[in-house]
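The letters A, B, C and D name the chains in turn, as written, and every chain counts its residues from 1.
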Amino acid sequence: MKNTFGSSISVTIFGESHGEEIGVVIDGLSPGIPVDRDFIHAQLALRRPAGKISTARQEQDAYRIVSGVFEGRTTGTPLCICIPNTQTRSKDYAATRALARPGHADYTAHVKYRGFEDYRGGGHFSGRITAGLVAGGAIALTALREKGIVIGTHIARCGGVNDRAFGDLAADIAALQTMPFAVLDESAGISMRSCIEQAAAEGDSIGGVLETAVLGMPAGVGEPWFDTLESLLAHALFSIPGIKGVQFGAGFGGADLRGSAYNDPFRVQDGHIVTTTNRNGGINGGISNGMPILLRCAVKPTPSIYQAQKTVDILKQENADLQIAGRHDPAIIHRARVVVDSVTALTLCDALAGHFGTDYFTPEQ
Amino acid sequence: MKNTFGSSISVTIFGESHGEEIGVVIDGLSPGIPVDRDFIHAQLALRRPAGKISTARQEQDAYRIVSGVFEGRTTGTPLCICIPNTQTRSKDYAATRALARPGHADYTAHVKYRGFEDYRGGGHFSGRITAGLVAGGAIALTALREKGIVIGTHIARCGGVNDRAFGDLAADIAALQTMPFAVLDESAGISMRSCIEQAAAEGDSIGGVLETAVLGMPAGVGEPWFDTLESLLAHALFSIPGIKGVQFGAGFGGADLRGSAYNDPFRVQDGHIVTTTNRNGGINGGISNGMPILLRCAVKPTPSIYQAQKTVDILKQENADLQIAGRHDPAIIHRARVVVDSVTALTLCDALAGHFGTDYFTPEQ
Amino acid sequence: MKNTFGSSISVTIFGESHGEEIGVVIDGLSPGIPVDRDFIHAQLALRRPAGKISTARQEQDAYRIVSGVFEGRTTGTPLCICIPNTQTRSKDYAATRALARPGHADYTAHVKYRGFEDYRGGGHFSGRITAGLVAGGAIALTALREKGIVIGTHIARCGGVNDRAFGDLAADIAALQTMPFAVLDESAGISMRSCIEQAAAEGDSIGGVLETAVLGMPAGVGEPWFDTLESLLAHALFSIPGIKGVQFGAGFGGADLRGSAYNDPFRVQDGHIVTTTNRNGGINGGISNGMPILLRCAVKPTPSIYQAQKTVDILKQENADLQIAGRHDPAIIHRARVVVDSVTALTLCDALAGHFGTDYFTPEQ
Amino acid sequence: MKNTFGSSISVTIFGESHGEEIGVVIDGLSPGIPVDRDFIHAQLALRRPAGKISTARQEQDAYRIVSGVFEGRTTGTPLCICIPNTQTRSKDYAATRALARPGHADYTAHVKYRGFEDYRGGGHFSGRITAGLVAGGAIALTALREKGIVIGTHIARCGGVNDRAFGDLAADIAALQTMPFAVLDESAGISMRSCIEQAAAEGDSIGGVLETAVLGMPAGVGEPWFDTLESLLAHALFSIPGIKGVQFGAGFGGADLRGSAYNDPFRVQDGHIVTTTNRNGGINGGISNGMPILLRCAVKPTPSIYQAQKTVDILKQENADLQIAGRHDPAIIHRARVVVDSVTALTLCDALAGHFGTDYFTPEQ
């Protein structure tokens, strides 16, 4: 499955940066999930570029839900959302068509698609396509919220600056929801933005690390060996352009700990089994243990930079120099976080519906 | 798909630590791949525990190929390998059956499988099951080698000690193949083993980081957005018990770089398009670019330790103290590396056969 | 996968009878397939109702290809086709909303979707959705034709009248392509149409049998045991509303033959291996044998009839009488045949690309 | 997925006629299903050849459950059953290796597997492999029975002789369970057996039609458009060797009816919604309607006959004459019926678990 992901609830994406429309089909959603159009708008707004730390391209994301919703709720049949592309300036790309942009998919798409790829603005490989994931993810986030499961992502690190660690998860997640630049510590956010602006001023770009927490996930979900929660989440998250690392709980840092320091002791608390630490990130043996799911994604610096770069002309197969024009982001990490929330939500909805049945998110009547 | 992974070439695993047999079914293999029984034995030996840095349980892994091979070659129909369990000492587990071992799947499996799980020795969650992946992976590794694709993994970090970085990849990969403790720098290996022994002496355990290189992967393979090479590899790798992080190329470290330092410039070299650096780990936009694939896996410290631990009795739902008995590894990282090689090989075979067709690995006649 | 079908090439459908748009996403198509917009229009026209043997609802099927095509050819990334619904007269359905129409999905959808289904005009269960399959199938048919594979379907039986059997397949298939009422024997067609008109005059409906031939399919395609060509084709064909039987070659009639009369003898002819009869319908052991694939579909009579019917009120759970209003077809068999061609084409494209690789349909350059 | 079928509950088969072992892995079974070893034996016995209307090859089917069962119940993890081949007489096949048996997969497998196929006794294409389906199906049948769902199949037609139609389904299904030659009308059975013996005496073979009823299936199960119950069942049933047609309810015969005669009127009966006829075979719009599921399978005559046949030598690519030796069945229809029951059961278990959740079959505790 190339552009479809998920088993019980599946997501299919389509579209190119400069095509007519991009969109998403979500299939298998439980019937009866409320579809909050304002929330979808708000989520798309979080993904849209804003201010001087983002690209000048401004799409209004005037999405249309063309199927799967009736009287304000999901029907249980495929929900398709289409988002028109309107701000396409394809001529920006014509001049440099043959020059593979380093770090982009230009060269690999050219090999894979044998020269038939739509190269304008990265074509199908454009971050623009994530708008469909965000629109669909908004519905998944609503479905989860109705079951008491909430998700929040902050910029844990950017430009060498660390945000503070998660504290009171419920409060932190609530606070993050509507922030255009999602950090827990405002002053860290100011420093990060200043790093991004500095990089932009130098025609450069910057990456970072996103940290996500999921609160309220019931224990017992995940399908070892191959569809562990970690496998499913990583599979989906690595689909997001620019993500080059995914870790759960203590992750790479935990590899330096001893078992006695890493193991999360179980305890009974208020009648529930909990762990008193959470270095496993809420997942044991690939199955949720009822504790918050904690994960981190490494986001590479945006490959489009305004500095001169060495590359090749893929049509002539010869060396060339590249000076990128067009409209680009000096950083995408603040925009990527709503994509991570969305992809995480879609993946968990699938895992929950697979385990508990396709009606899991249907309200009682 | 719970215990089946892959599309064109799929792997199905079965078995429990103390069941009659464990095994693997590999389906979709190209017909005509030579099946080297000695190589399978050698790979299984690399996975088996050895010496004082491993568990005392010794299985001979007397595997049987019960289908799918005819006259020494794959037939193209399902290849099933069965490996009997012989060294089972289930009584080790009976006493502590109800006490969820921290860091293990005992509690989550109990919730998920509603109390019907085979709890002996971790049941289906035992690392023992990876023997099937290694046996099957050996055939995948052979298939890849016949196409000029080789894979090698070393212990990049263990006990706070770093191995040297990959240098001449072809030579390094060749050297790693048969090492019981796979490091590029022998002295680093001695330090690491000493750390493991120290942890073992203290009834504790240790984790580490594995680094894998794949040489010879053709450009143009991977199926964005959802079946990118990163997505597929991460999905499969996170199935291996104890892996809590996966990154490609510069990974989490790359998140601190600027685009100008991160982007890999393309150049024409000897008539081929290459990149002069490889921070993207051989993958652009989820598709192989012809450069070596580089990835790292974080391996958590083995959860079974001999120190007293706090936990719960999952049957009585009350707090308890746990003192683990049985035979356990103070570290699995040296054993895990052949599992990583195997899983990587199986995943890449699937991606290649999906792209180039099911006969990709069939020899010309 | 609920509304997605296929592995290497997959089809995802969405939409409802009275929703905003219906459509299809086809993913995994080889790059470089020519997209013939006139042919898509012509195929959609064959599916559209026409004359007094069809419903009075007339959609212009002003489809838009919103992604996946660049400079007149497939790009290899998802191709999405949207078709607006314009002729929706939902008030036809409001009055009888609660009365489950016998033979329709009203009741079963109500149970499955827990009352949240879009009931207008059958919602997602409307034959209208097949327009997406036909639009997508047109591209699959073009791809196959470029490889020398052609498909034709005729109305083998309708109203008790038999069409003549297939003769010269190449000529017969060519002749069928553009017929609005596809029969090989014109006089049989006249009789069939007269039966349909008679049924319509009596407020009744009629079914029939479609027979399909595929010429040019290479030998060796199909993935036993579970993805045999028969399994894949039947799976896809049974998705078409109203199809209640699928058989290959001699089918149910062959069950009365003895082996000596049924077996197809192999012979060498012009340097190729052929069979001198074709009672197996071009498929042995689930794999194509290079002979024409022959299959038949039983199409049940259209469930919407204008006669009074006994039914239940699904909201009140009590008996009721039903008099259907709205616009309906007295027969769909003449419209269904292009759907069968389309679904057959999509399925075979998937099987071919799965076996020979994703570039199978890419033209040499 | 080549040899794996199913989503929530999946079945993977392996083995060859003359290999070491054949078997099946069933994954995703709810935990806690009782595993009745005697019933598995009994079902395997029904599949085994018996008397003069079957092959002389007698396998004892000494199956071993090597994983997935603990203390007499399923664990929820993969259940693997291995069945050794003991009665292999491979020399029967060596002499005629190159001669493609008409109606068999010899030629198509040779093309597909490029000459590397295990040709002994049909290799992976042997009906022998269905023993794995029957063993696994026995567990599925038990799981269904615990939920009040029962399945029965009779030989509806053989040698031109019709069995009586289903009457009291509960009684008929109960009566069929243990019959070696499953007919509802004993005298019809005697006539059918005499036809088979007559064919055998003439070195010929015979086919027939199986009819299956499923009683107790809840309404609302099935995933249109592509995973309708009809699609899933047909997909699975067409995997059984020799099945060349599948129909539901009135099937091909229904294609001659008018809508007014075909539609099944809904009525409320004892507080439940039922239909007063069942021409749709218990399925509307691809979703179960709570009525019995009724389907028929056309079984072609066994291709192995003892009469001289025309064929080709696939190695020399030249015409040849074939005289089959070995041990073969003059009919398989009486043996196939337990395979049809098994495959139907596995498919319905998958559909039920996909809809209601993976614990659907877990007993309350």
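Keep in mind that, in the parts below, a contact is a pair of C-beta atoms (placed from the backbone, for glycine too) under 8 Å apart; a residue touches a chain by one contact, two chains touch by 3 or more.
In this text the structure is predicted, and so the values were computed from the model without any measurement.
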Of C-D and B-D, pair with higher C-beta contact tally: C-D
Label of the chain whose CA centroid is most distant from the centroid of subunit A: D
Rounded Å distance between subunit C and subunit D, as computed from the means of their C-alpha atoms: 27
Euclidean distance of C-alpha centroids - subunit B vs subunit C, Å: 45
Between subunit B and subunit D, centroid-to-centroid distance (C-alpha), Å: 37
Touching two or more other chains - residue numbers and ranges from subunit D: 1-4, 7, 13, 28, 77, 112, 124, 223-224, 355, 359
Touching residues (chain side subunit D, partner subunit B) in the complex: 1-4, 7, 10, 12-16, 19-23, 25, 27-28, 31-32, 64-68, 70, 73-80, 82, 112-118, 123-124, 359, 362, 365
Residues of subunit B touching subunit C in the complex: 7-8, 28, 77, 223-224, 354-360
Subunit A residues touching subunit B - in the complex, by the definition given at the top: 1-5, 7, 11, 13, 100, 102-105, 107-109, 111-112, 124-125, 129, 157, 160, 199, 204-209, 219-228, 230-232, 234-236, 238-239, 241, 243-252, 254-268, 271, 273, 275-276, 279-281, 283-290, 296, 298-305, 307, 309-312, 314, 317-319, 355
